[in-house]
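What follows is a pair of complexes built around chain A, which joins chain B in one and chain C in the other.
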Partner chain A sequence: MRGMKPYLAIFSARFRMMMQYRAAAIAGLWTQIFFGLVMIMTYESFYGSTKQTQPISFAQIVSYVWLGQALLALLPWNVDSEVRAMVRSGAVAYELCRPVDLYSLWFMRAMAWRTAPTILRAVPMTLLAMFALPLLGLGEWRLRPPSAAGGLGFAGAMVCALLLSCAIGTLMNISLMWTVSGDGVVILLTALVSLLSGMIIPLPLFPDWAQPLLRALPFAGLVDLPYRVYLGNIAPSGLPSVLLRQLLWTGALVLVGRWLLARGMRKIVVQGG
Partner chain B sequence: MNELALYFRYIGISIRGQLQYRSSFILQAIGHGLMTGIEFLGVWALFHRFGQLRGWSLPEAAMFYGTISVTFSIADALARGFDQFGNMVKGGDFDRLLVRPRSTVVQLIGQEFTLRRVGRFAQGIVVLAWAFSALHLSLSISTAALLLLAILGGVCLFSGLVVLQATSAFWTTESLEVWNAFTYGGVFMSQYPVAIYRPWFRQFFTFVIPLACVNYFPVIAVLRRKDPLGSPALFQWLAPLAGIAFLAVALQVWKFGVRHYRSTGS
Partner chain C sequence: MPPQIVVEDLVKTYQIAMRAPGLWGSVRGLVHRKCRELRALDGIGFSIDAGELVGYIGPNGAGKSTTVKALSGILVPDSGRCEVRGRVPWRQRVEHVAEIGVVFGQRTQLWWDLPVIESFELLRDIYRVSPARYRSASDELIALLDLAPLLDVPVRQLSLGQRMRCDLAAALIHEPPVLFLDEPTIGLDAVSKLAVRDFVRQLSRGRGVTVILTTHDMDDIEALCDRVIVIASGRVLCDGSLDDLRSRVSRERWLTVDLAGDEEVSDPQATIVRREGSRLCLSFDPLEISPAELIARITARHAVRDLFVENPPIETIVARLYETTEAARFHAEETETACAE
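Coming up: the complex of A and B.
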């Protein structure tokens, strides 16, 4: 455990720093509730327009939407602004002087950077969506609590989703070493992540022919798979395969990230003196 | 130099500045178009899955979507200068604008013309063109005039919202994020015909923040279809004026705010 100590210290320092942005999280809450309500009303109309049974029920969609609004900050859709500044100014060379593994360092930074804002948003959002909406007479639009098995499976799948998100995020950070401004890679990845994770619309609602592709890609593990475990749309018996897919993708992306980082650091030239 | 000439001078400088970073500009413009394009893919997938939305088809919904997309991209490019207003109040920099013998509004909107919104603009135009051809509607002079009026009204409305957001900073010294629900959220909800929403929600966006007046009602007339909400044709034509009225009110509130401005100083 001794070797983990510096990484845990990095995590906790950054986590505490991110927890300072409470006001921003609260201010964002209202906007997210608004978006959630509009989405739910849209789905309500779509579900009212057809008699066919859908792969996911309206009640499940409602909870899916609220989970998405609560856990929005967990998605890897921007690069770490501090890493970007380091690469631009050349200060990234200092990172090499630290007696720690650089990839793990960046991974831990990403982890703190994702978890703190997520907790700040998820807790009030869940309380509002679960308990305040019924009080307003919008009981059918509330976030329904999961079954015991669904809840436990969801907790596990979300931990894996966090790891997967950090692996993708760290890969984005590493890409900065080649593109400097990082606009291109970030824009492309952000677009892919939002569409293919289930953030724009739940993945089961995409056409049936697209399902094998969506299943094969890593992004479903960020949003769609854990949420459907919560909803019971994926039965508890399907949980091991969900976790396995998330972890395999995380492992693969970590390996790619480490390889790219090693290559990037080999060609680094430090200027000035 | 009059105010209009000054404004064009300001945005000329802003545009030239942004074009200095050409590749960054191109990527951001493409990215902006891509992100909104992906949203539309979501709309498409829902129509593919459900067939129709309370009697509306995908090309009809695309008409609402395209119009609001074009409208918002223009408003967003024009009025983003007001975004920096919160920081200006905090730093006491707004004093500098007040001592210049020109309108504060022109100076603020002249701060920035966000050129990269051209990506979203182009995406909206493509969606609109597709909707017209899929519905076999021809773009007659009266239809074009109505669409332009809707877009003008919408640009005024969104600008009014940005002005109100900035005005709130006079009292809170912080540009309030709560307004984003009405700007970004307003665009989001206008992507579908408002007839599909609950009545209380619809009424709020007709009478309080008249987003439906600059999108839903005129587009109904463009589609030449009967309004399920039962609005008469004359109303559909006149509705976009509500956006202009909204901006006029917002500017009055702004003036009131400026009179009550107290510098934070340092």
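Coming up: the complex of A and C.
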């Protein structure tokens, strides 16, 4: 465990710093509740207007939406502001002066950057969606608890989703070594990630021709696959293949990230005198 | 004992994309980009023994920071040899950086939102310093740099001088035998500068840490360094003691005279550097005229209240050295090439 010490120290420092942003999380919570309700109302009218059987039931869609709102911050949709500031100011020089594996260091940063805000939002969001909505007479629109098998499988799949998200996020941070500001990459990736992961529209509702593509890309592992495990839309017997897909993608993206970082370090020109 | 730092014939060229001005220029830049090559290092070489405190000076853009970055393993040079304690910095980065401390004066390595002590503890974990060693090292640094009142303050609330003291301590938590200081006194007030200087002196004399110090403040150099390396346009101009540097540029001495009256003074073998009221500063070459002779001649002709002979300030020497290379700087090999995108 001694080898892990520097990485755990960075994780814990960054995590504690991120946990200070409670006010932002609370403010975001209200926006997300509003957003979740609008999405549910849209799906309700959509389901009411068709007689065809959909690949996913309305009750499942509702839970899917709330899970998405609760776990929104886990999506790799932005670059780490601290890394961006470091690259811009040239303080990244200090980061390169540490006797640690830089990729692992940045991966741990990404992990803290994703988990802290997720915890701040997920807990109150789940409580509200699961228990407060029925009290308001909106029981149809509530987040339903999972089966025991679904819940356990979901926990495992979410751990893998976190790793996958960190691998994508670290890749985005590494791209800052070329673009400096990272705005272009962020705009492109935000759009791609939120659409292709299922955060905007659950993936089962995409047309049939798009399904092979969605299955081939890594993004379903962030949202769609774990949520469908929770809902039971993917049976417990399908869990191993979900985990395998997530982990294979994570491994591949880690390799790409390491390769890019090694190249970036050879060409890096630290800004300023 | 082999030298701690060996640099031989180090070369680094930066590609600088040039953007033509105006809208049309930026459109054209999309398809056809002009690149300028800038030789930041053009065959730098020196070697430094354990425990030396070396001043590394040169005008802006001379390649000082580039050298420090190459020595710290951050930057990979194009060619040449560079070894610190027997290791090539960028090839054995992790082992190398565990044995060096670095301070970039214009940036901080402390965590902006954390109290100072937490930054130290983080660095302890990152450098895998044992609790016992950390305690003795941090106690000593806190005492030497007078950091006790600052430890609980978040870094963003520190003044520049306080922050620099904390940054110095942060660079030394892991007790590195080699320390690179890149402009550690930049922007500091007089008191903070003295504190930084005293500390660096103690570190070098007391603990035998090898220090490379880049600075624009010649007082830093005079106060601290036995040896100075002057570089310009990526080349070493001069490498030796301060006296060597002086004698290379000129033999000139200055005689400052406080006159009783305010009459004109002139001497065929001395030139007036400046005059402020009754105080007069004359420059002369001690090989042409001995100081005693000049003083005798002046006191014979004028009523003198006080006088003293000194070396011209090191600033003047260095400025002169830079001027002589300024011309060369404009002719530096900045070739324009069209680079394929």
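Quick note on the criterion: the second predicted complex is superposed on the first by the 268 of 273 C-alpha atoms of A that agree within 3 Å, B and C clash if a C-alpha of one lies under 4 Å from a C-alpha of the other, contacts with A are read in each partner's own complex, and residues count from 1 in each chain.
By definition in this document, contacts are C-beta pairs under 8 Å (C-beta built on N, C-alpha and C of every residue); 3 or more make two chains touch, one makes a residue touch a chain.
Since we're looking at a predicted model, the values are computed, not measured.
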Joint occupancy of chain A by chain B and chain C, clash or fit: fit
Contacts of A:A27 with chain B and chain C, given as first, second, both or neither: first
First, second, both or neither for A:P6, with chain B first and chain C second: second
Inter-chain angle, chain B to chain C through the CA centre of chain A, in degrees rounded to a multiple of 10: 90
Chain B versus chain C as contact partner of A:K51, first or second or both or neither: neither
Touched partner set for A:G184, first chain B, second chain C, both or neither: first
Partner chain in contact with A:S194 - chain B first, chain C second, else both or neither: first
After superposition on chain A, the shortest CA separation from chain B to chain C (Å): 9
Intersection of chain A interface sets (partners chain B, chain C): none
Of chain B, residues touching chain A in the complex: 24, 27-28, 30-31, 34-35, 38-39, 41-42, 45-46, 48-55, 176-178, 180-181, 184-185, 188-189, 192, 196-198, 201
Footprint of chain C on chain A - complex, ascending: 2, 5-6, 8-10, 13, 17, 20, 89-91, 93-94, 96-101, 265-266, 268-270, 272-273
Chain B-touching residues of chain A, taken from the complex the two chains share: 24, 27-28, 30-31, 33-35, 37-38, 41-42, 45-50, 54, 181, 183-184, 187-188, 190-191, 194-195, 200-201, 205-207
Complex contact set, residues of chain C against chain A: 14, 60-61, 64-65, 69, 72-76, 93-95, 97-98, 100, 102, 104, 106-109, 111, 113-114, 118, 121-122, 125-128, 183
